[in-house]
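Chain IDs A, B and C follow the sequence of writing; residue 1 opens each chain.
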Amino acid sequence: MENGNKTQTTDTRNFLQRLFRMKTAQEKQADRENVPSYKSINTSGMTLVIKEGRANVQQLETIQKVGHIVGTILVYAFLVFMALIVLFPFYWMVITSLKSTTEIRSLHQTFFPTNVLWSNYITVFNSFDFTTYVGNTLVVGIISTLGTLVTTIFAAFAFARLNFRGKDAIFAILLATMMIPGEMMVITNYITVSRLPWYEFGIGKVDGWLTYKDSVFASMIIPFWVSVFYIYLLRQNFKQIPNELYLAAKVDGKSDWQYLWKVMVPLAAPTLISIFILKLMGAWNSYVWPQLVTTNNESWRLVTNALRGSFTTTSGEPQYGIQMAATILVTVPLLLLFIFFRKYIMRGVGRAGIKG
Amino acid sequence: MEIRLKNLTKVFPGNPKKGIPDTIAVNKMDITVPDGKLMGLLGPSGCGKSTTLYMIAGLLEPTDGEIWFGDEDVTELEPEKRGIGLVFQNYALYPHMTVYKNVAFPLTNLFLEERATTPDEAKRALIKRDYAVKFAKAKEELKALEQAGNKAGCEEKKAEIIALKGQQELDIKDAVIPQNDSQGNPVMKRRHLTKDEIDKIVRETARIVQIEPFLERKPNQLSGGQQQRVAIARALVKKPKVLLLDEPLSNLDARLRLQTREEIRRIQQSTGITTVFVTHDQEEAMSISDEIVVMKLGLEQQRGVPQEVYNNPVNEFVANFLGTPPVNLFKGQIKGNKIYIGDEMVREITEKNVPDQECSVGIRPEGIVIDEKGSFSFHVDRILTMGRDIMLVANHPFAKSNTKFVVDSFVKVSVGDVKASVKPHKCFAFSLNEGKTRII
Amino acid sequence: MTPETTTVNNSQTTKKANPIKAFFKRLFTPKERIGADAGEKNNWKAWLYLAPSLILLAVFTFYPLINTIVIAFLKNYDYTSQVSEGFTMDNFGVVLGLVGKTGGSDIVYKWQCIYNSVTKTWSYVSGAGSVQVYFQTDVINYALPNTLIITFVTVPVSIIVSLLISIGLNSIKAFKKLFQTIFFVPYVTNAIAVGMVFAVLFDYQGIINFIFNLGAAPWVDQAAPTWKAMIALCIYIVWHSLPFKILIFLSGLQNIDKQYYDAAKIDCAGKWKTMMNVTVPLLSPQILYIMITSFIASFKEYTSVVGLIGMPSTDGGGTKNMYTVVYYIYDQIKGNVGYGAAAAVLLFIIIMIFTAVQFQVSKKRVYY
């Protein structure tokens, strides 16, 4: 505060002095030295020091070592703390699934079940009709993933290697669609799906070789057979494959099709695996759209839909033990995928950030 | 600040599983850089000069040896605490800050040491009393002017009163007693630099390196030479004891190189900072250094004043490294205290007795005089006039590679066989042992 | 041989270039690509390759986009029979609580009504007498505020926490891979499933109450006060969004040239100063990307509420106090589609505005 005022008054003072053509003795000397008159600063005599001042090297080294150790401990402590927070819900999930309902409900919570109850899992299998839902999800997941792979490979190849009019414009438009919230499309997609000729909405079977169930499943699969994000991902990968291979293939007389399947796809296999796994995970985790589309028949639902709201007693109290067991059964496959394919998953997700 | 390297060694560990051996980057360097001198570390790529520089800076930890700044052992000290300035080869200017902020950044991390002071109450009271009198007088005059209706005079008077107030504040601020501790030593206190102080120092430094017009630009809007100078300014702004430069001129074009070379020398001499710089360009090192150190594969080959190293190379490597065009090497022998190339005797050895042996003979390009009666003969293939002198591209049966000689421009010489005599002090004999040490 | 003089064809002097034509010509002409076939003959084949994607996109992305906007302006649109009662702006009004309906589904505007604070009802006085009017307050009272709270709480918190974790991870050497894996686990899990786990954690007889000794206070069960449920929801959302951010920040940090850290060391900058003046600015492209995507994602928050609470209210279904905008949209699909479409369009507009604002603000502060 005082400094600011002082600067103001100094400036005013200087200005006035110059205005009245009065010079202090100091300013006259400063003019001689050709240094602006700044009363309290003489830079040639200034010594700049570090935070610890003029401590000698021994002291500095001690401070440095201590600081180093303390710093490292703090960082590790912070990371361990956050890691525990991140892992805690999983831990709780496991032990709750092994507890009895009374123990869960007791006022005194335990960190390890007093009796390990595997019966919760048995109840789940018996009452949850687990296999149906898993089967549904797998069918939907695999077919939609395979379809996505096909469309993505084709489209990425076209954008990466082929040349056609409007290529950049169309790609720009596609990227723009990624910014639009999905909710804008959901409403119309629902209407579209419900009015497609081979799908009669809640009105019974359709003639021909497609059953009602098939159409419900189709409506869960087909809208998601294309994903701009994966096209972008694969296109980046395709672009990194050197163009000389393409020219060499051309010289050998191979067509684009052969080049695509014999050269590019094998070379881009890691990305394709990433896409496959991410899409499969997405199908396993999908909730909103299947919920919307299968409201008429519970048995066609996917795993996540069935999970929510299940296992409540007649009085409405959720049976947490059984719920947790079911949750674990739903989550474990994902974790297994993660353990085996961690590299692919993280690489696929991480690519998204580079674009920014 | 004198820099002393004692037995400095840096070994990069290899991977025994993959069969990569340890690399000895720096091998027992022992150098002293006197205070205020400019020392050049010279050598081909990979000789460990940058590694040495980074160890002096503290960014690399030495495997063995010590580094002393003055009388303190700073080997274990972090770079932040060493008080050095480093100019990186790629400048490493912060791309998101303007040039001004780049240069001011070190200052925001440092503190100013001042004498601690306490207000002198008695003196302050006196000052206030004096000024009170002046204020009273000025106010009376103001009243008189107002009553007289003198508008302009009123304004002047009011301004005077404000100026008086400012002066009073300044004088009060300066009425302080410096503190001394119990042993009579001055007590120092540390504070951050004010914005004005930072501004002043930055502009001063900018004036020294001549980057004042660019202070508000970002680094990516500057040319290479300008970025170079900003990097130098950033290193100098905190008035370090030691200035280190890592191949400062290698990214500049030829003309800028000459210019900046001189600037570095000028800045170093005007500020008097102990400087070490690293380069692979021998001309650069020779022209501005007070002392040079020639390095090869982590070992110091020779150290000394540039001219001395040039005139008396300690081995074939040093002789070859310094000088453009490089020294001409021939296969020869020493017989009876005379150096022979083939049958021709090129030099008599008078300083000492040297046993007969095969050796490598080096003759500097400027080391011959065209002389019909000379003992040394060679065949001139081409004559290149360089204006200042004439370069003869020659060949000789015992030469190890292209032979080039330089003679004054008025010498008459034409293509064909030529006879010349060799200046003795420009003729060296190197042994054929591993170090190619100089025999004479 | 004498060189022939060639005459310049003066009739081909340049006319004034038509800028619009030039723009389109530039847009649709393939650029020179080294090595790739620039010929015409690739054209039709390329379109074949693109065909499946383009058809699917046209049906399920482009057409819906336009259609939803159209529906938003249709009155009482019935999608099975595809009839509507004409174009209107009232859908937006209903969603925002400005337009109400009487018992006989006549449209009435709020400024035409009188509020009775005793009975807490609105009524419309017309020639035929006073009729009670019903306004949809779910969006204005609950969905919109909830969504805004979620956004402005979870986005800053999660960004700061993930930034700190990333910088911490970047500075350690041992166990780095292990920590990276641990921090990524929440991403592979099912939002609904883990939401239910959090519901167990926050149960009124659950572990959170136990650890912090808060007694049997409900957080996300029925009879939980809104603010408690919001806290639990925000904690869950932050927890779930950490992995993605950490991954992006970590890869951005690894791309920063080590020389800048060396330069900062030489400039005597301490750890904190280095972080604020060197690390964070050089990370600003990633921070911007995360900010924009996080904002958009939190505006669309839906599955977290379903996972954690199961329904949009914590007071037994009386008021929808945990509603979000997207929850409303999905609920309206089975009801009046027009309202849902209007809400979706509103959501879109809000997102666009926020994104544009962020881009503007970022121009000065983001360094590429």
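Heads up, the rule we're going with is that a residue touches a chain if its C-beta (ideal position, glycine included) is under 8 Å from a C-beta of that chain, and two chains touch if they have at least 3 such contacts.
None of these values were measured; they are calculated from a predicted model.
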Given the contact rule stated at the top, which pair of chains has the most C-beta pairs in contact? A-C
Distance-to-centre winner among chains (Cα means, whole assembly as reference): A
Can you check how far apart chain A and chain C are, centre to centre, with Cα atoms defining each centre and the answer in Å? 14
Chain A and chain B: spacing of chain centres that average the CA atoms, whole Å: 50
CA centre of chain B versus CA centre of chain C: separation in Å? 56
Give me the residue numbers in chain C that touch at least two other chains, ranges are fine. 268, 270
Give me the residue numbers in chain B that touch at least two other chains, ranges are fine. 78, 80-81, 109-110, 238
Within chain A, the set of residues that touch 2 or more other chains is 50-51
For chain A, which residues are in contact with chain C within the complex? 50-51, 71-72, 75-76, 78-79, 82-83, 85-87, 89-90, 92-93, 96, 104-109, 150-152, 154-155, 157-158, 161-170, 174, 177, 179-192, 194-195, 201, 222-223, 225-226, 228, 231, 243-244, 246-247, 256, 281, 284-285, 287-288, 292, 295, 304, 307-309, 318, 320, 323-324, 327, 330-331, 334-335, 337-338, 342, 345-346, 349-350, 352-356
In the complex formed with chain A, which residues of chain B make contact? 72-74, 76-78, 80-81, 83, 107, 109-113, 159-160, 162-163, 165-167, 169-170, 173-174, 188, 190, 193-194, 196-197, 200-201, 204, 238-239
Quick one: which bits of chain C touch chain B in the complex? Just the residue numbers, please. 257, 259-260, 262-263, 265-270, 273, 277-278, 281-282, 284, 367
Which of the residues in chain C come into contact with chain A in the complex? 27-31, 33-39, 42-43, 45-47, 49-50, 52-54, 56-57, 59-65, 67-69, 71, 79-80, 161, 164-165, 168-169, 171-172, 179-194, 196-201, 203, 205-207, 210, 216, 239, 242, 244, 247-248, 251-252, 268, 270-271, 285-286, 288-290, 296, 299-300, 302-303, 306-307, 310, 326, 329-330, 333-334, 337, 340-341, 344-345, 347-348, 351, 355
In the complex, chain A residues that touch chain B: 2-3, 5-7, 9-10, 12-13, 16-17, 36, 38-41, 43, 46-54, 56-57, 60-61, 64
